[in-house]
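Please find the structures below.
After this come two complexes, each holding subunit A, first together with subunit B and then together with subunit C.
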Partner chain A sequence: MNNPAPAASAPPPAPARRTIDIVNASLKRRYAREARFRFMGASAVFLGLLFVAVLFGDIVSKGYTAFAQTYIQVPVYFDPATLDPDGNRDPQTLANADYLGLVKASLRTLFPRVTGRPQQRELYALISAGAPQQIQTMVRQYPSVLGTTRDVWLIAGADVDMLVKGQIDRELPEADRRIKDSTLTLVDQLKTEGRIEQRFNTGFFTNGTSREPELAGIAGALAGTFYTLALTLLLSFPIGVGAALYLQEFAPKNRWTDLIEVNINNLAAVPSIVFGLLGLAVFINVFGVPRSTPLVGALVLALMTLPTIIIASRAALQSVPPSIREAALGVGASPLQTQFHHVLPLALPGIMTGAIIGMARALGESAPLLMIGMIAFIVDIPQGVTDSATVLPVQIYLWADSPERGFVERTSAAILVLLGFMVVMNLAAVLLRRRFERRW
Partner chain B sequence: MNKTLLVTAMTLAAAALSAQAAARDAITIVGSSTVFPFSTAVAENFGRGGKFKTPKVESTGTGGGMKLFCGGTGVDHPDITNASRAMKASEFESCEKNGVKGITEVKIGYDGIVIAESKSGLDMTLTLKDIFTALAKDVPDASGKLIPNPNKTWKDVNPSLPDAKIEVLGPPPTSGTRDAFVELAMEGGCNAYPSIKDLKKTDEKKHKAVCQGVREDGAFIEAGENDNLIVQKLVANPKALGIFGYSFLEQNADKIRGVKVGGVAPEYDSIASGDYPISRSIYFYVKNAHVGTIPGIKEFVTEFTSDKAWGPDGYLADKGLIALPDAERKAEAQSAKALTPMEKPAK
Partner chain C sequence: MNALASEIVRDTGAVSAADLARGGHFSGTIGDITTPDPRMVCREVNVWYGDKHAIKDVSLDIGNHQVVAMIGPSGCGKSTFLRCLNRMNDTIDGCRVRGSITLDGQEIYDKGLDPVPLRAQVGMVFQKPNPFPKSIYENVAYGARIHGLTNSKAELDALVETSLRKAGLWNEVKDRLDQPGTGLSGGQQQRLCIARTIAVSPEVILMDEPCSALDPIATAIIEELIDELREQYSIAIVTHSMQQAARVSQRTAYFHLGDLVEVGETTQVFTNPRHKLTEDYITGRFG
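On to the complex of A and B.
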């Protein structure tokens, strides 16, 4: 319609193909091309989602059982003669009493017909190695239980736990399973008496790690992660934002600052293990920072997240319109006041998003920490940045490598917790952006 | 606000550095990932006793552990290192050079390396020679000349074996299990060829290269350090074999079984008696100079060498440790408790 005049006035017999014919002829092909592209795009997205779903499905289906823990109810006679022979309730005596013997005696009372050493060993294996600790805590908290018989729910051993959760196939021939027929009978008897129960596994969130799967928890790793990340943020955020502010707003534009900018962009792409090697060589070997501590971990991770924060902060600063700066300068603010009172607050949502994404990356990092001794078995929950500690991804790595069957579900459960934190952090980044970002 | 943060961070760092100079109150253990499960089990039980803090156990590999251990004396350096082989003379020398004198060697037991297959697998019996012929990079042909390994199926290796593709999942070269496997199984098998055995006398380096070279054409699959993954893959693929430590076989006995090597199945008794050919001794080393400085080292050694830990019925046996014979265990325990310093190793 735009250009009908010349076409209409042209002599009618003109055999030349009009533009519209050319367009029409290729139209079908071009539509098909678009449809193919759309289809490829959609199937790529679908495939990606499918893989994510399979991955999540696998982790969740393996890991959800770890949030329950099997307990066995055993009547325990808190014998004052063995626990407190002097009768004066001295905490020291109570702490050192033979609780393992007490647990064993209680089990023998529950199953009086089990005799002979090998059979009794099997009987004791029903209960976790952590049960004496459980009883000890109980006595320490409530000394009044002494001399009474109480039904106590004790943590079941790992093999019983696996059996109750259905992860050991009882149909297999006896030689092929870790649980023998005699133990099966004991467990079945306990079950019919209602002495076996699955409960929410609070220990998983309150215990440090352990070699016994049923006692292993992520509290130590969580505390380590917390100290490491808090210190990482404390170190990398001010330095990163400061560097970005200087480079973006104050530094002269010359060859040197260009070189620095290129280097920062490159650093963001350096494999994380390189930062671990750097940490080992510089922080541990030269400065003598103690190995395996959140302190050295945070120093390394701060180096790793710095480029991310600087790049994000510079982008955020750049998006603040010059009119803000000019207005501030115009009413008499000093350049520093302009930046800190006007530009920085407006850029902060973008900076925070960058920082959170950087921290989320640091949260999932294990490779650099391997180099600085954080791949360690640490039972005690760290109390500060100079205590030996490990972090969640490393804990997952260590558990994944453990031979005990019970660690399979714990590994997946720990992955779930880690993923949970990741999702929360990324969600926070998105929400911050949505809520505070200003468009100009 | 940034200023306050910065100042806080710097104060924290300074405080940390000064705190580090103070004495350490927990034992630090480094070393082999093979000994790691045993060392951590002892550490946990030791810590549960309540008198001392739970030792920190780092998994650094045997070589890495030795390097840290021999770095010197003082709170910055570890007190104990675990090893899946004996200390080398060169390592002993580097220890001495750095002032680490008086090292107690404690042999804790054996670790068997098993070749396993799925329960529904081919039910194979291998000899060391079969293992070498199937997995070596170069094998001698009929005339004794070395050629790149042409064997595709187990039947090519030995006519009595099933006609199935050779597919073995094993640890990567960084692993101590791999070192032990090539040393014990591959080298044992290659000496079954007289032509290669003679090579040792004339060209020891070449002999080692031939015997310990593992093929890289896809028949031997490096499955990473994660042995649980190998177990899963074996279950999914009944025709494949996997190589890992004995404790993984024990824990997964419902899914996989050990392949007999030289007619001997990998079982507790056969590894303990030495009949099973692919087994090695595992050790830990104590820095005597730290005893008395770092609290609890002596007690930790006592715990480790008590029968309730490393005995045949002890809790380490549950974790897959193959205990030493009674007499040897007793002698080791005695020398460990007395902290008898070791002699310089022969090689």
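On to the complex of A and C.
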């Protein structure tokens, strides 16, 4: 570092400068430029990581509480007079019995001092609207509970859940808070009696969506996503790889194939909602594919994924050295055998990477699905590709629109699940590439 | 044949006409292009890559149980000519071939002729060893598998062993047949490729600079192998090494800028070249 400065500042004594002096003189500037570039690169990476950390921190801090659910222990008297007046344990009678009344009666027994209609309505709001269903299931599974009193952990109402999780500020004046002072007293009493508990929220993974945040789960959206993506893969992978193979290895190189190639590249950049419009116009209106179903969703997403898979597959095929093709042709393999026995296996890691990246994009896609009716509010978990369904991103979109405090944490939790799937898929892409990468 | 010849003369214009004027046999080649017991007979072969006229009126016989060496400076068309003999040029876009090439009397550029069985009859060994990224066994067995040459696993095992033995590789790999062929050394890989080629029992073996990527010891082994293989197969070899051509071949063909300038017995070509270009090349004045 010290050498160049004197050499540069003392030109007169050395009229013919040696090359090394000129090099040394410029060295400092060159290194400074390099340092600047490195600094910019490093700070860009740091900034990016910072944003990711903030995003994740925000989502996790909002969403982690959704994985727990508040339960309230209530002694329930399974009154045979209400549930089974005839005494013959007829399943039909048991199914239609007044479980809501039973839950209400149990609550009144637990808090005998609460009287008056408005107060009692507040009392009932402690427990979720899903509680009668819970009791009914219990009776169906264990008819022997009839006539006994059991302590039952019932799902708490959304507001109580929020309060227990600390999402509602007790210090606010009563008028600004969703929970009245009287309810606070009730909850505090339950707490001191040890009748309030938080458990892992299995319902979040086994329930369909619901109007009640405490009952809403992602099972329906997960099933919808599974059917849609499985069908998307089934449609787009063989067609995409086949198209790439034909275009890359078999099609004549002329103006038409050039045009097709340009258009495939363009298609990869088409906004996804356009594919949704296409699906609406063609698949639903012309071919009469049932709307809101994973079937039509998969058709649209397959169209959207195809360019990605074709482009990645062509690149992978192109990177297979021609010597392998010559070797296979040289021993008398037909062109198709050459491709399927030798070229395709070698290109497969690249093809799979492209396919998985395409699928990951399809997994996160909501816009085109809105156009084909997959935004419907569907409580039932779809059982097949022709059942109405929704998918995770759309579910997230729907929940994010809901004003209830309980849906805020569920939105974040659903985002976490979606991100989890994305990470798993991308990891799979990396591992597959590592596993099947071969040298030649 | 005459009609075709005149047509080609018109096609190629002055250059070919001048070459013809130089005298000699077909299209200006000096020396005897024929051989008493030909396996493949090539007459007035022309190849174009797009507009580039890569091979001009080349006529040459590939004799039975004989090694024909093709030498010449880079870009002279010797590899192109070799690749015509099993229609490997079909895979190159914009490549056109005119003229007549027969294998045992059968025109190989007939419209109805399928290049797939042709390539089983005319095998090829490439410049860079290109084993499949599969096991050594699979490499040798592949050709037999796709053509259905064997009926049982035992037959296939035997075929793999004989092929590897003929290629002089058996003793080196017999204990690791299930290991990838790409894990062998360069010379072993090239012998594996030769084993793969002879496993489908071709009649003619084409070798495109088979030793150019190998060290001298591996080269010597391959050259010995070529000499042994000659007893069963007809061999055409392209080489940049004149010493190699002199060592392994019986006949030598000298290519220059797409023309076949001189053909003859190897000893004659190397000791007493008749054409000025051949002499210049052999004495190392260019190339």
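Note that in this section the second predicted complex is superposed on the first by the 420 of 440 C-alpha atoms of A that agree within 3 Å, B and C clash if a C-alpha of one lies under 4 Å from a C-alpha of the other, contacts with A are read in each partner's own complex, and residues count from 1 in each chain.
Basically, a residue touches a chain if its C-beta (ideal position, glycine included) is under 8 Å from a C-beta of that chain, and two chains touch if they have at least 3 such contacts.
In this text the structure is predicted, and so the values were computed from the model without any measurement.
*Asks:* Is the arrangement of subunit B and subunit C around the shared subunit A a clash or a fit after superposition?
*Replies:* They fit side by side.
*Asks:* With the two structures laid over each other on chain A, which partner does A:I324 touch: subunit B (first), subunit C (second), both, or neither?
*Replies:* The answer is second: A:I324 touches subunit C but not subunit B.
*Asks:* Using the superposition on chain A described above, determine whether A:Q133 touches subunit B (first), subunit C (second), both, or neither.
*Replies:* The answer is first: A:Q133 touches subunit B but not subunit C.
*Asks:* Report the partner of subunit A that touches more of its residues: subunit B or subunit C.
*Replies:* Between subunit B and subunit C, B touches the greater number of residues in subunit A.
*Asks:* After the superposition on A, what does A:H342 contact: first (subunit B), second (subunit C), both or neither?
*Replies:* In the superposition, A:H342 touches subunit C alone.
*Asks:* Would you check which partner chain A:G332 touches, where first means subunit B only, second means subunit C only, and both and neither mean what they say?
*Replies:* Second partner only.
*Asks:* After lining up the shared chain so the two structures overlap, which partner does A:A376 touch, if you call subunit B first and subunit C second: first, second, both or neither?
*Replies:* In the superposition, A:A376 touches subunit B alone.
*Asks:* Determine how wide the angle is at the CA centre of subunit A between the CA centres of subunit C and subunit B, giving a multiple of 10 degrees.
*Replies:* 130
*Asks:* How many Å separate the nearest C-alpha atoms of subunit B and subunit C in the overlaid structures?
*Replies:* Comparing every C-alpha of subunit B with every C-alpha of subunit C, the smallest gap is 18 Å.
*Asks:* For subunit A, which residues are in contact with subunit B within the complex?
*Replies:* Interface residues on subunit A, with respect to subunit B: 95-96, 121, 129, 133, 168-169, 172, 175-178, 210-212, 231, 234-235, 237-239, 241-242, 287-293, 295, 373, 375-380, 385-386, 388, 398, 400-405, 408.
*Asks:* Within their complex, state which residues of subunit A touch subunit C.
*Replies:* So the residues of subunit A touching subunit C come out as 253, 321, 323-334, 337, 341-342, 346, 438-440.
*Asks:* Mind listing the subunit B positions that touch subunit A in their complex?
*Replies:* 2, 5-6, 8-9, 12-13, 16-17, 19-20, 26, 33, 36-37, 39-41, 43-44, 47-48, 50, 53-54, 56-60, 76, 119, 225-228, 245, 247-248, 250-254, 313, 315, 319-320
*Asks:* Considering only the defined contacts, which subunit C positions touch subunit A in the complex?
*Replies:* Going through subunit C, the ones touching subunit A are 86, 88, 91, 93, 116-120, 123-126, 128, 130-133, 142-143, 146-147, 182, 193, 196-197, 199-200.
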